[in-house]
Amino acid sequence: MLLADEVATHHPVLSDNPYQPHMARIVRIYKMVENNHLFTLRFLEDRLAHSFRHLPGQFIMLSVPGVGEMPISISSSPSRPEVLELCVRRVGRVTNALYRLKTNDVVGVRGPYGNGYPMQEIMGNDILLAAGGLGMAPLRSLLWYALDHRDRFNNITLMYGAKRPEDMLFREELTALVDRTDINCLLTVDADPGGTWKNHVGLLPTLFDHAKIDPLHSYAAVCGPPVVYKFILQRLLDLGFPKNHILMSLERRMKCGVGKCGHCSIGYKYTCLQGPIFTYWDAINLPEMI
Amino acid sequence: MGKPTVGIFGLTGCAGDQLVILNCEDQLLDLVALIDIRDFLMASSENRTDCPLDVALVEGAVLTNRDAERLRAIRQRSNLLVALGTCAVWGGVAALDRGADRSQLLEEVYGEAGHGYDSSHAQALREIVRVDLNITGCPIEKEHFLAAIAALLNGDTPVYPSYPVCTECRMQENNCLLMERGLPCCGPVTAAGCGARCPDLRVPCIGCRGPMADANPVSLLEVLEQKGFDRRQAAARLRTFAPEGVA
Amino acid sequence: MSVIVIEHLARVEGHGGITVELEGDAVTNVRFDVFEGSRLLEPLVRGKRYDEVPPILSRICAICSAAHTLTSLKATEAAFGIRVSPQTELLRELLFRGESIESHALHLFLLAIPDYLNYPGAVALAADKPAAVLLGLRLKKLGNRIQETIGGRAVHPVNALVGGFGKVPALDQLIELRSGLLQAAADADAAIDLMASLPAADFCHSETVYAALRSPHLDSYYLGDEVMVVTDGNRAIVPASDYASLTNEKAVPHSHAKHSSFRGSPFMVGSLARLTVNPRRLTGKLAVAMKRLKLSLPADNPMDNNKAQALELINDVERALEIIEQLLRDGIKDERPMPVQPRAGTGTAITEAPRGLLIHSYQYDADGCVVAADVITPTALNAASMELHFRRGVEQCAEREEAVITKRLQMIARAYDPCISCSVHLVRR
Amino acid sequence: MKILKLPKEKLDLFASVVQQFGELHAPVEQDGKFVFRRLTRWSDARLEYDRTLLPPKKYFLPPRETMFRYRPGEGFLPNTEGLDQRLILFGVHACDVYALNILDRVFAGKFPDPYYQARRKNIGIIGIDCTPDKHCFCRSMRADFVDHGFDLFFYDTGDYYQVLVGTALGDDMVLATGSVFEPEEAADIDDYKRRSWNKRRSFQLDVEIRDLPEIFEMEYQSEIWDDLGGRCLSCGSCSMVCPTCYCYDVVDDVELGSRGGNRTRAWDSCLFANHALVASGENFRGPRASRIKFRFYHKQRGFVAEYGRPSCVGCGRCITACPVSIDVVQVIDRLRRVQDVASR
């Protein structure tokens, strides 16, 4: 419990005003998939660019000046600092405004926020990353973190599904992983009308047939739309995964990112403080969690 | 990009929303420097009635075939159509005619001549064409209009409050007219944005901004009934400015 | 036969047009067409409680919304036998003045003056003569500030209630208005200079009958219950209760507005009529200004209505100042509206809206619900007179060129400052 | 803690001295209700009031507040206007001081809110004891007494106020008034205890909050919520007037003709339909019933898990503000009710 006048020991990296956005330049806009662009940002201030550190699974609050602010997961790995990569889907006002910006325009960034994945706990174990659709955005950070520190993890398995090949985020990057031996990279599409897809075709859960899983020594990081949770979680439980080895990244409305504005509250937890990464055990014990 | 082309139109109404635009005395000259007003019959006699428009601002309800035809023509030539004011958004006071026999009312008033008039029951714009943005209010708030133009110039759309007048009234720390004085206040079901103008002046809200999206009029009516109001009359009061959305 | 049609009358409020039919040089038919839809507000307020009536009927017209509201209150108070406090009367008059300043400034600077100087509108005028437009905007803003302070909103006031006001303005608000009005006095003078500098609009002469409220103070828009009609120096009085004899309305097929005549002849209401009916107020500053504008009364040129509006700007600013001084002197009291005890009966009120006589008449049942409502607006009263002057304008136009005729017709129409959504009103007989 | 007493007739003198420490605000009457407002005359202050329409929260987390101004090329400039203004709130009830102590926790933590904190530092609080009315249940919520969070706290014990000195600022105010404060004597302590006893007995409401979190969990599917959901107007009045509701919304706007603008935050409420709505269209608390359940749940259960106590302080404001008479005490009673056991 915190005392009222307790001076915060852990200041956000960026400043004393946790709401202060710091200006960052859009250095690259990569059109991965229609309406799912990858934005690469670099802080205008070199000091910030050098010192910004985050954990996989954390997010930032991204401001498009004059329009608004929103939470966006950091898709780049902390092992590759200096720039931030954000995979943003165009859905509403602020995301639309972001899509109107061009390379060299500036946006505001503050963070990182959220708990991130419990890396200390995961290390030394197998990791199973399971994502559908946009769920790859937060998992990509974890993926590259693990690959860049390969010796700290046992087996790494990625299961990622998209509707069609052209909907697959980070497609080039991920297909390049398929042939690597230090990761079991399983990619699937629901359908392949063009007939060019060289990987799996079928729904995401079918990938379990191709994965070797040792539930008691594994952590599973799952992210995606509700259907993904529905099917993947059931399979993991059937396999005998401990409930607190299943890690989910939850989405809630957010206005502050720092546990004040109240919007992301679930029962008695704040998604922005105690989340967005929750264990499955937390999930079933919190009302209206998923 | 050049200046966006804009048309300002009035269908059947009181011209209050167009007047609010002209009432932006401090911003008017900046405004005409930022946007290219091509068609504004109320303010200019040289209008381009056929050119394409980036934005059409349309006030008033549809009450005649002529209104409907004009509206369709405006929609055709405009990229973005903005409904201006409660009449355009909800039908406004003209829509008090829902359920009334129009031809009988016309005859009552104009006698035989009334039958010849081009006259139909009041409709909101979205009942005829697609509407891209609704700015409600009877009349609209100046600030909302200016915010809309500023946002549109920025390629964006404005955000207006989605809670009721009641919320603003509480923020202003007014004495509640409904609870303290038993007055028939429509604040709990009316879309905020006016700063609770009326209750702030100790005058019960009559709902001139139309209903808020999440209104619960049935519950409010029950309260009004408990306070001694006739249910039918109270329901009619909640419907003064908008025929739908409210009980 | 040839026909001149002005399809959309621009720079007026509402939708109307003009049609003139000519047989050779002779004008055979003149029509002021109204295309505004009928909102049937009068029959639709039937059954509404008295407190719902003013906000609904004020929606007849935004530009005269304060006048509609106050006239409605006056009619209801007459029906219920309510007498409001002197402070309420002062505040109401102040609200009227605010509306008049706003409306006249809007009409003169943004709608009418561009005609005289051959501009299509105020935006174009502002590009060349920004000072003139800024002057108008300043006055207009002041009028709106008065309405916001007293009425709670510039358009469709919410604060004026049966029996009084929801909340009276605070002292510092009045003081602020006073300083604005002191500034405005100079602006109103400048408006006269500007009007005096305009080219003469001398193309329509006609015998004209004028009608305006006879007020006890000679220049009130609000107090008074009789209309005086002036014809060639003859004066007739019509009491409020007999307003039907004044209007003699008849529905005409080309328009949703009814046409009025008094003893068979059309009459004009508005600023010019007010000055003509109450000439005694034309003293001091006003008399000097009148000379500068070369205006003599009774006028035989409807275009002189614009001059009369400019004169009223001076008068409105002066009177508004007087009222505020008096309120400050007496101290503004936090009065609540008079208690309202509805009773069955009829109440009729006549006031002077910016565009002229406005009549509201209601019949109530014992619960204070409307049995019948009748609203007669200035533009409806003016319609017949406008048609008469259109006819004279065409007859007196030596050049038979359509462009010239069209321009003159529009100027005549605009001189009346017609408010077409206002004119769409319905009467139950 | 330093405890003194002030003869009542010296209160005016004290008030005039306090003004040197900051702009004086106190409850004043507004058509029979009370609001905290800047005093133009000390005689306007009403220290014997029931409750103010809005709690003192409005001074620390204003209904609307510009957080940043945005200027192209300059970025987001924090708006510090008014943050260093010194105010003294005179006459804050214990429950409201308690509520501020709760807000302190929310606005401190890992990411302290500098706007709130600055105001908390610059606004002095002089508390005053009160007499409960029929809507007060602060005793049940353990908020009828506060031991910190104020600079001075006044207890009316007849001819005197007994004054608790809570901070150095409070002590400075006492010293600046000169010798009018007197030391306490044994008899005064008895006066205090008598008053305390009387106050305790005058509560008309009593709510049992032990094991309430558990009961909330058990009754999560109760039909009570649907009933409340049917009545609730989503007007947010309860949240606006609540001294511990702190949800806010943030919006950016642009100024006409420039790319600059403001970022403003404004009070929000979990009763509003879009409170938990996300861009995908999913609404985690769509139905009104689930929203009103959340409000009670978060205050009475969620906060206990987070901070060790409910956030409700029992001030009774939401009871007096709800147009459809949704009453937290009755709701808790209903939740606790068993067929054959009287509640409470």
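Note that the chains take the letters A, B, C and D in the order they are written out, and that residue 1 is the start of every chain.
Here is the rule we use: contacts are C-beta pairs under 8 Å (C-beta built on N, C-alpha and C of every residue); 3 or more make two chains touch, one makes a residue touch a chain.
Predicted model only: the values in this text are computed from it and were never measured.
Chain closest to the overall centre, judged by the mean of its C-alpha atoms against the mean of all protein C-alpha atoms: B. In terms of the distance between Cα centroids, subunit B is separated most widely from A. By number of C-beta pairs in contact, B-C leads when B-C and A-B are compared. Note on chain placement: the centre of subunit B and the centre of subunit C lie 25 Å apart, centres being C-alpha means. Chain geometry summary: the mean Cα position of subunit A and that of subunit B are 43 Å apart.
Our note on geometry: subunit C versus subunit D, Cα centroid distance of 52 Å, whole angstroms. In terms of their C-alpha centroids, the spacing between subunit A and subunit D amounts to 38 Å. Residues of subunit A in contact with at least two other chains: 66-67. Residues of subunit B in contact with at least two other chains: 154, 156, 159. Residue positions 251, 253-254, 259, 261, 274 of subunit D are each in touch with at least two other chains.
Going by the touch rule set out above, the chain pairs that meet are A-B, A-D, B-C, B-D. By the touch criterion given at the top, residues 30-33, 35, 53-54, 58, 63-64, 230-237, 240-241, 251, 253-257, 259, 261, 266-267, 269, 272-274, 288, 320-321, 323-324 of subunit D touch subunit B in their complex. Put simply, subunit B touches subunit C in their complex at residues 10-20, 22-23, 25-26, 28-29, 32, 37, 40-47, 61-64, 66-67, 92-94, 96-97, 100, 102, 105-106, 108-111, 113-114, 116-119, 122, 138-139, 197-198, 200-203, 206, 208, 233, 236-237, 240.
Residues of subunit B touching subunit A in their complex: 154-157, 159. Across the complex, subunit D meets subunit A through its residues 67-68, 70, 72, 75-76, 78, 101, 104-114, 148-149, 220, 246-254, 259-261, 263, 265, 268, 270, 274-280, 282, 284-285, 290, 297-298, 301-308.
Within the complex, the subunit C residues that touch subunit B are 8, 10-15, 35-45, 47-49, 52, 55-56, 59-63, 65, 106, 110-111, 120-124, 126, 130, 133-134, 137-138, 140-141, 144, 152-156, 158-159, 161, 165-167, 251-253, 256, 258, 410, 421, 426-428.
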